[in-house]
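Dropping a structure here in structure tokens format, bear with me for questions.
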Amino acid sequence: MSLSHTVLAEPRREASTKSSSLRDRLMATRRLSLRLAEPLSDEDQVVQAMDDASPTKWHLAHTTWFFEAFVLPRFMPGYRLFDDSFEYCFNSYYESVGPRHPRPKRGLLTRPSTEAVRAYRAHVDEALEEFMAQGLPAEAEAFIELGINHEQQHQELLLTDILSLFAAGPLKPAYREADPGVSTHTAVPLAFMPFEGGIYEVGHDGNGFAYDNEGPRHEQLIRPFKLANRCVTNAEWIEFIKDGGYETATLWLADGWNTVNGQDWRGPLYFEEAEGGYMQMSLLGYRPVDLGAPVTHVSFFEADAFARWAGYRLPSEFEWEVAAAGHPFEGRDLGADHLRPLPADAGDGLRQMFGDVWEWTASAYLPYPASRPHPAAVGEYNGKFMCNQFVLKGGSCATPQGHMRRTYRNFFYPHQRWQFTGLRLAADA
Amino acid sequence: MSLSHTVLAEPRREASTKSSSLRDRLMATRRLSLRLAEPLSDEDQVVQAMDDASPTKWHLAHTTWFFEAFVLPRFMPGYRLFDDSFEYCFNSYYESVGPRHPRPKRGLLTRPSTEAVRAYRAHVDEALEEFMAQGLPAEAEAFIELGINHEQQHQELLLTDILSLFAAGPLKPAYREADPGVSTHTAVPLAFMPFEGGIYEVGHDGNGFAYDNEGPRHEQLIRPFKLANRCVTNAEWIEFIKDGGYETATLWLADGWNTVNGQDWRGPLYFEEAEGGYMQMSLLGYRPVDLGAPVTHVSFFEADAFARWAGYRLPSEFEWEVAAAGHPFEGRDLGADHLRPLPADAGDGLRQMFGDVWEWTASAYLPYPASRPHPAAVGEYNGKFMCNQFVLKGGSCATPQGHMRRTYRNFFYPHQRWQFTGLRLAADA
Amino acid sequence: MSLSHTVLAEPRREASTKSSSLRDRLMATRRLSLRLAEPLSDEDQVVQAMDDASPTKWHLAHTTWFFEAFVLPRFMPGYRLFDDSFEYCFNSYYESVGPRHPRPKRGLLTRPSTEAVRAYRAHVDEALEEFMAQGLPAEAEAFIELGINHEQQHQELLLTDILSLFAAGPLKPAYREADPGVSTHTAVPLAFMPFEGGIYEVGHDGNGFAYDNEGPRHEQLIRPFKLANRCVTNAEWIEFIKDGGYETATLWLADGWNTVNGQDWRGPLYFEEAEGGYMQMSLLGYRPVDLGAPVTHVSFFEADAFARWAGYRLPSEFEWEVAAAGHPFEGRDLGADHLRPLPADAGDGLRQMFGDVWEWTASAYLPYPASRPHPAAVGEYNGKFMCNQFVLKGGSCATPQGHMRRTYRNFFYPHQRWQFTGLRLAADA
Amino acid sequence: MSLSHTVLAEPRREASTKSSSLRDRLMATRRLSLRLAEPLSDEDQVVQAMDDASPTKWHLAHTTWFFEAFVLPRFMPGYRLFDDSFEYCFNSYYESVGPRHPRPKRGLLTRPSTEAVRAYRAHVDEALEEFMAQGLPAEAEAFIELGINHEQQHQELLLTDILSLFAAGPLKPAYREADPGVSTHTAVPLAFMPFEGGIYEVGHDGNGFAYDNEGPRHEQLIRPFKLANRCVTNAEWIEFIKDGGYETATLWLADGWNTVNGQDWRGPLYFEEAEGGYMQMSLLGYRPVDLGAPVTHVSFFEADAFARWAGYRLPSEFEWEVAAAGHPFEGRDLGADHLRPLPADAGDGLRQMFGDVWEWTASAYLPYPASRPHPAAVGEYNGKFMCNQFVLKGGSCATPQGHMRRTYRNFFYPHQRWQFTGLRLAADA
């Protein structure tokens, strides 16, 4: 995921109770990053398996760099940079902050060491704690809120990136030892929920945190539609494979068909046909595909082809958002600690709207009407990634707790599939 | 332009007067293609300067192939294929019609000869004339109407493709000798026209011909906006260049910035800085840039960056369509025979809505609500190109007369710029 | 073949009878080039099927450019260049002559037209005839001799390049209609001729024309060896294929094995397995492989692997040269007009040393001891290509009559195979 | 360096004293590898900076794998493989041993861990010690001798590969802290030593260890020549730069000129122009270029161009070998512990023949007459790399003590320059 987001909400002067809760959330987030790195050796943390991914160490350092780039030197008098060279090493893409180490070479940074990065984190955390013990200016608070959310995004990437590394090697290690085994329960039967058409308000209303790409809140004209009660499962995907889905040109977008053939795709990423079924590399190691669980690690191209094959379509981002109204922002996220998507539980209504897998929508990732770029460096590129990508909704088994909301707009290129990405079917009513 | 379109309109049984007029239009279209090739030697007609372009000969043959693939063998008893091998040579991308010569190798087809392709055209034209002298089934009529429009699209491509070839060689020949010289009049001053918000009907209503990507007609919620009275001019673009537009990262989409640097773009395609100003290769040869004329041969990336630099934005396809309501579908098209865009004439209201240059919009090229794929091979890929491209509206100096309409959706990838592509600014009201 | 050669022989003032014979040879060579182009349309002559090849038109023009670059303006007072732009268009790689059109874009030169190139040839030929009617300075004579040889090299390339074009299209046209059919006679049985070791003189002695890469004449220590009496045949090559030659890593050089797999080679270039045997595209069209004829269109990598498979090795260039002593420089060359290699005739001793196919040797293409670069532009790059290429000896069915000699050193990269390249086996005695 | 070599010498049954010395040398070699890795963190040891290089960990494991692949399971009854998966992970390119992890992905092997690799080494070392305490069969002895030499080659690569990694990062760390500083003494003045022509025996005679590419010993005819008394220095190279060496096409081989421009070379690898002179990244960190020291990290292309610029040429491998006759195989090698080349000391005769930098020769890397492939897997590819590479002689500051000899043939592609490669000039007498 590209991290181009800035604070949408206006600066607010708020009570000190809020600030202390902010500090708690910040520190909890900072600790979680370290905890996610715990199962990894220093070697695991330095390597980059593909251009799209970053090393764990880089995630740990870059999320720390954020607070040096946007908060501490600016708001905390006398703050001393941990190391001048880190600005170059760990800037991601902020052109106006300065030059930076090239993205595809992040995996060559054996120095600074992972040990030094941990010291860097400790240095910055100490300063942040001290800084936040005082009353904060609202602007600083907004940046810290953003820093928390920024770090949460990287926590998800840290997990999907380490999976890309472990899947690339011959030993196929587990990030964490597998739980007892394949889930035995099947998903709730597929059903479609109807929704009425009309003019709906969508987008974030500015209460609480949101990225600037979620606003402004505005009206959308929605036509009557229906939406599947759960995500597409692995069992359903295997039917698609067996029915020749990956060999049938007419199911695919032209760019998708080129990708299928150029990359020789025959199933989701990390899928392998094996005797008696399918195996898939996962954070829990190399294991049999869980038939009832949502399919994951599929691209937009695949999601779109599957929907066509099934006689349905993907929902628009606004249909999804309208359907999600009233749903609590809860589900099997990183806090649930499964580290993999699970079958939809029985029950009425929409299941799995939040958690398990991100859901591809049919919506190109474009700016909302009347959106405005943030004037500061942090928002230098509000619209910078709004081209050739598609919106995903919901959240996944790797999304940190508290990071999901209805207006959230995740986005990836249509060929990318190393995230926990799946789909939910829709249709015109 | 990719040619993925099929007849939207329902089959109709119509009077013979209509058919004879259809025949006239068909034959006029067929003749125009040959006339466009007249300034070209057989050598000029065989070569392909880049993967995106096709040789003239290929255009002449492929537009003829269309009638063999979809009309003659099917509707005309006893029709004899001109040459069995041509189906393989001149199919563009219809997977269900059969295998085909690879697109990037179209320029290697010195055989069949251009002479043979002319004979092919004569053979098919003769059959079409004979066939159309009889009463036509409505389905055949619909295919012929589509064949006319298909050929018109290729006429525009023929011109832009030959320009790409002539620009690639050292002699920089003119497709046609230049008219007396640089236009001396300047464009009408820039002004913005206001439009009210509301729910508007957009898309084609099925009366008369349209591609299927133009429908179904449906409602869109439009917010108040204003639209420039004319296209951005070369003079304005040169200001952008001189102000460092191509060196300022913050003006660009991330993918655009990569393209600018990867391709070393410093101005529109075919632009060259020269003593005392700018030169540009054109269908009229290598000549000074006409300052008052609309800038052309710019990509979506450039159009988007320019708009940001200017403090405006691109219109959506629907804003453009709403604004164009009531405008006659007329302008300086191929029939006007300038072969280049000209400065907007003085006058009130919107100028240059049709003709001169295609106008990039901010809209991703996606299917309209409730659109349905055409069941036959001709429509095998209704949505096949609806990914990673942007919609253009209007028409250009190379668009055949009668081929422009308000609901027309042209589309190209955001980095492409060998078409006559420019832009018109917009803003929120 | 790269054309980096310059006149080895010293300048000589010679009798006018010599000059008139030189003129005759020059004019015959000039006419032959045009005759070789006769079966080709102007379209055929403009296209370039791959980077290694050049269009026919380019060959016709470049061999003419040679006389403008090195002879006419310099030695003929008042000579008028045909067209100033041609120097840029048709220079091959002479850096000190000036900038030039990029090699991979030679196929984009639809202008100047083939007609203009023919006029260019006529203009230069007329000047050369007039110029040579006078007494020539020895230096000019040397350049004209070089010009003849240079053009002869391009005649062979013209044929192999047009074959690469015709093989790339779906129609697989014949450059010339096939002779009655597959040769029915088989090659003479394979036998090995022994040669004694010793110190031998090799390289050109300066009497008569030679390229500078053939000298100086010098001593080489040769060990006893034996050499096959004829080239390896298609029948023998098919055994190699059927024995898994292309799937057995241990037979190949590492770079060769990478090429085999990267390019998916399964047989010689233009080979195709067909029902009941093998077909191969040739100058006579697509036809059954002639089992008794020498295998052709094989790379050094393949020749080397075949020799290893057969339990032999390739000869060194010096072994070949020593073995060829006393052989007349005759064989089935372009003058024999078969346009394809034929089976070795019965008879004692070495067969096919000249003509039919060029023979790969085990010798890297490197300078001879004490070789010196030619001081003028024509020899600017004496050693420029002496890296990563291998020497071939003999001559082929496409080598012009009179162009073969024992000391000739042809050279290509080890992966190249679009020339008429085959092999002859050798072994230690 | 590619490691394609096998034992040349015939198997011998020798006295136990010999075996104990072999054991000592083996264990010393094994310990040295670990000592070379000591300055490196586990992170440093896992990353691969470019396809040509391998991670330190991989070198440590692969040199250990050698003894499992060729010695222990075969000769030591009851030997237990350390880990079955290591054969796949750490085979380099032995096709007949089995499939293997792809070379460009060696840097993704965070598992097995460096710790595990150290345990692997201990396990194998223990077995080797135990095994060698017994009397050894001659064949096993030959493999162990080969294993020592194989590991020594990888020790040099370990150092040059880690330099490529440290040079790629922004911090430019030193592998070892610099010695007091720039050498202040200048090199001995350049002089040329004459050598007589004649027939010389070259190649290894089979007494003592050699790789099979060094034999058989055979006669070469040498012409009188002269050879520089020392290597070309940095000061001389800077003259070449300042004289436009890297901008003058006529100095370069055609493939070299393409590389210079394609890679934008402006000096040796790791060279950077700085205020007041030149800096170069080295094992001692980023430091001023030592003007008197031999230039290093230059390609064959550069060495060849420099020699042409200087009016000399490179020596052949046989000239070098003849000139080195009588020289002890000593010099500033890895044992001298400078980790960088130093200026040639004053003195008569040839200096620096061994140590400091490998010296490019003009000889293509080809098999010697009558060479025969080794029948076992270890020699599966005797000639596998004998194509498109050039021979280097001497040894460098990173070559382990005892690994240099007159007949040694090192070889690299002409564009490669990450080794300690320099040159010595030669000329015809």
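Here the chain labels run A, B, C and D in written order, and each chain numbers its own residues starting at 1.
Note that contacts are C-beta pairs under 8 Å (C-beta built on N, C-alpha and C of every residue); 3 or more make two chains touch, one makes a residue touch a chain.
Note that the structure is a prediction, hence the values are computed from the model and not measured.
Visitor: Over half of the contact pairs shared by residue number: find the pair among C-D, A-B or A-D that meets that against B-C.
Guide: Over half of the B-C contact pairs recur in A-D.
Visitor: So, what's the distance in Å between the C-alpha centres of subunit D and subunit C?
Guide: Roughly 38 Å separates the two chain centres.
Visitor: Could you put a whole-Å number on the gap between the CA centroids of subunit A and subunit D?
Guide: So the centre of subunit A lies 47 Å away from the centre of subunit D.
Visitor: Can you compute the centre-to-centre distance for subunit B and subunit D, using the mean CA position of each chain? Integer Å is fine.
Guide: Once rounded, the distance between the two centres reads 60 Å.
Visitor: Where in subunit D do residues touch two or more other chains at once?
Guide: none
Visitor: Looking at which chains touch, is this a line, ring, star, complete or other?
Guide: ring
Visitor: Which part of subunit D faces subunit A closely enough to touch in the complex?
Guide: 41-47, 49, 85, 88-89, 101, 105, 107-114, 165-166, 168-171, 173
Visitor: Which residues of subunit C touch subunit D in their complex?
Guide: The contact residues of subunit C facing subunit D are 2, 93, 95-96, 199, 218-221, 223, 249-250, 252-256, 301, 304, 362, 364, 366, 369-370, 380-381, 383-388, 414, 428.
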